[in-house]
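Structures incoming, each one as structure tokens.
Each of the next two complexes has chain A plus one other chain: chain B in the first, chain C in the second.
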Partner chain A sequence: MSASTWLAEATAVFVKEWRSELRTRYALNTFGLFAVTTLITASVALGPASLAPVERASVLPVLLWLILLFTATAGLPRAFVFEEETHTSTALRLAASPGPLFVGKAAYNLALTLALEALVVPLFLILFDLAVASPGLLALALLAGGFGLALGSTLVSALISQARGRGTLFAVLSLPILLPLLLFSVQLTRLAILGDAPGQTVEALLLYDASLTVASMMLFPVIWNP
Partner chain B sequence: MRKALLYGLWLLMCLVIVGAFLWAPIAKGFLGESSRILFFHVPMAWTAFLAFIAAGIWSLLYLIRGRGVAHDHAALAAVELGLVFCLLATVTGAMWAKTMWGAFWNWDPRQISITFALLFYGAYLALRSSVPDPQVERVLGAAYAVFGLVMAPFLFFVAPRLVFSLHPQPVLNTQGKVEMESRMLWVLAASSLAFTCLFVWLLGLRRRMLALADRIEES
Partner chain C sequence: MSARLSFSGISRRFGRKRVLEQVAGAVEIGQVLAVSGANGSGKSTLLRILAGLMPASSGTIEYRLEDRLLDSGERRRALGYVAPDLALYESLTVVENLRFFARLRGLPASAADDAVARVGLAPEAFYGTLSSGQRQRLRWAWALLGRPRLLLLDEPFQNLDAAGEALARRLLDEHLENGCAVVASPITLELPKVHERIHLAG
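And now, the complex of A and B:
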């Protein structure tokens, strides 16, 4: 397969995902409402002033990533589970080859995750009255962390779509994969808020993203056609 | 022959226990006799690590070498045994931490990595038990275990280096030096050998059980 058809196939999957999403707007609605609900709960409970200044830098990054993680867990597994539920996965197996299919689905999930971050992070900064010392580092943490979150969720979604009890299984399978990623992301967000030098955390996060990419590209064809 | 090997293993284990408590000296800088747990804790952790790596390799072989059931049985048995040894290493580690650091659990980097390993391979068993089709179950399990092989360096080598740790340096540390009294080293080496042999023996038993269960299912 030439590079251009490969890319065209991936784009076609990506466009198809958005088209079926915009028909129901299921993921966008779930994402938005889930994120805003958890955010408001956290904000009402803690508010901008109820944390001591020293505690803010250690507590708030964890809170931000927990909101992002749980919202992602509510929406991202749909990528492949949806295909099984509507009995369209066989048609999809015939229509697209595994590589482009995975890239298209992962790109769709990445777009959703970035949209989620664009909604949650500004609101979070406003509601907690949080000043970020190095915004560039925060953007990097959100981008690299979001990339890993989307990619890992897409792979696990493909794994669980063929199993029973998908909802609980997704959390059980994805958390061990995503925990190192979340630890690095939380650490980087904390350093961005404080304005400290990031050290090796950036390398660790990017390396994690890279190995996640390679491993999922190699394993997806096996998972998709067992 | 098989019986002689088993008696040999039993004798070796007995020698390790006697050596660990009576022959080896206690290490400097440790409270009381607490350093003696090293002769059991370290080989348990080592065996768990070995089991998980072996499971990853067998899963990879299963996927690329024509999907033979024997490779899958070996991988499954290795994960199950790895979890047992991993749990034992976690418990012994927590006991030692209570003595030395004052708390059973304080999220030292090594405690984080071992928790990840427990969660990950626990999830492997959860995944396998929830796939209805046995053929699909084997493939998905193998894919997840190979994924574990990719994650292992982060869990065991990158994450513990990024955070300050109170855990004693591993025997094979970054400086490449062995900082241990020679009698302690002897007991530790013997114990590691004994635990590895124990693992190999149990693995063989479990593989036979899985193969027999398959035959019963077929007939």
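And now, the complex of A and C:
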């Protein structure tokens, strides 16, 4: 398959996903509702003044990534689960090549994740009156962390889509896949808030993303093909 | 042009239950292979195996197109498939659905427009609003995208009214000029150019 054909297939999947989402607004509404609810709850309970300055850089990055994680997991796993639930997976299996299909779905999940971050992070910074000493590093943490979150969720969605007990399986499989990502992302966000040198955390996060990309591209055809 | 599907020794078990046992058959251009049997006899399972949607417990399947043997992935993407469990996207229109799948198969948008026109559906109707008979027409249009040489048809006239069935039969006739088909049905259908019949006892 030529690169242009491959790219055209992936683009077709990405466009189809967005077209469906903009009409049903399932993920966007879920994200919006979940994100605003958790942000307001957290800000009321732990508002700007309730944390000692020394605790803020430790606690708030964890809180931010927990909000992002749980909001994302409310919508991202639908990528392949939805295809099985609506029986569209048969047509998709008969028409799509595994590689472009996975990339199209993952790109859609990444776009959703970045949209989620664009909604949550500014609100989070305002509600907690949080100053970020190194905004560039925070952007990198959000981009690389969001990439891993989107990719990992897409892979787990493919893994669980044909299984029973998907909710339980998603949690069980996500733990080993997303836990290292979250730890690196939280650490990098903390360093960005403090303005400290990132050390090897950036390399670790990027290496994790690269490993997850390679593993996903190798695993998905095995998962997808009967 | 040439296309030939042949299979032999196809067996399939679900746990301890044997659904298919040593099924064999072949079909080539201009021919129909008719598969019949009661509900639960394994007709749909056989077609899913032939389509590459489900692995057989044992047996071999060969699909040669222009004298080239296709692997299971290539076979999946090179055939047309009509079956009750085939659904398209409810939030997309008829033509958007077909254009999406046309792009996945490397076909121009005009192939999708042509397929919609052949089955007489309103292009801008949403799949979610179609009746069961209209959905069956759309399955036919989907199967004929890019005019594949091989059609696997599982209960191809299900839910169709008289006009719809006449249309589907005409499409099958046209297809058989340059292609072949495996047709599964619980009743013995009157079909053109039947080369071989397989009855599954279940």
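Everything below uses one rule, namely that the second predicted complex is superposed on the first by the 225 of 226 C-alpha atoms of A that agree within 3 Å, B and C clash if a C-alpha of one lies under 4 Å from a C-alpha of the other, contacts with A are read in each partner's own complex, and residues count from 1 in each chain.
In this section, contacts are C-beta pairs under 8 Å (C-beta built on N, C-alpha and C of every residue); 3 or more make two chains touch, one makes a residue touch a chain.
It should be emphasised that the depicted structure is a prediction, and the values quoted were computed from it without experimental measurement.
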In the overlay, answer first, second, both or neither for which of chain B and chain C A:24 touches.
-> second
Regarding the shared-chain residue A:118, is it in contact with chain B (first), chain C (second), both, or neither?
-> neither
Of the two partner chains, chain B (first) and chain C (second), which one does A:210 touch, if any: first, second, both, or neither?
-> neither
Identify the partner contact of A:201: answer first if only chain B is touched, second if only chain C is, both if each is, neither if none is.
-> first
Please work out whether A:219 is in contact with chain B alone, chain C alone, both, or neither, and reply first, second, both or neither.
-> first
Is A:90 in contact with chain B, with chain C, with both, or with neither (first, second, both, neither)?
-> second
Kindly classify A:40 by the partners it touches after superposition: chain B alone (first), chain C alone (second), both, or neither?
-> neither
In the superposed arrangement, which partner chain does A:5 touch: chain B (first), chain C (second), both, or neither?
-> second
Give the label of whichever partner, chain B or chain C, reaches more residues of chain A.
-> B
Should A:126 be classified as contacting the first partner (chain B), the second (chain C), both, or neither?
-> neither
Both partners, chain B and chain C, contact chain A at residues 226
Interface residues, chain C side, partner chain A - complex = 51-55, 72-73, 76-77, 79, 81, 83, 85-92, 96, 100-101, 103-106, 142
What does chain A use to touch chain B in their complex?
-> 155, 159-160, 162-165, 169, 172-173, 175-177, 179-180, 183, 187, 200-201, 204, 207-208, 211-212, 214-215, 219, 222-223, 226
List of chain A residues in touch with chain C within their complex | 5, 8-9, 12-13, 16, 19-20, 23-24, 86-88, 90-97, 225-226
Which residues of chain B touch chain A in their complex?
-> 63, 112, 116, 119-120, 122-123, 126-127, 130-133, 135-136, 139-140, 142-144, 146-147, 150-151, 153-155, 158-159, 161-162
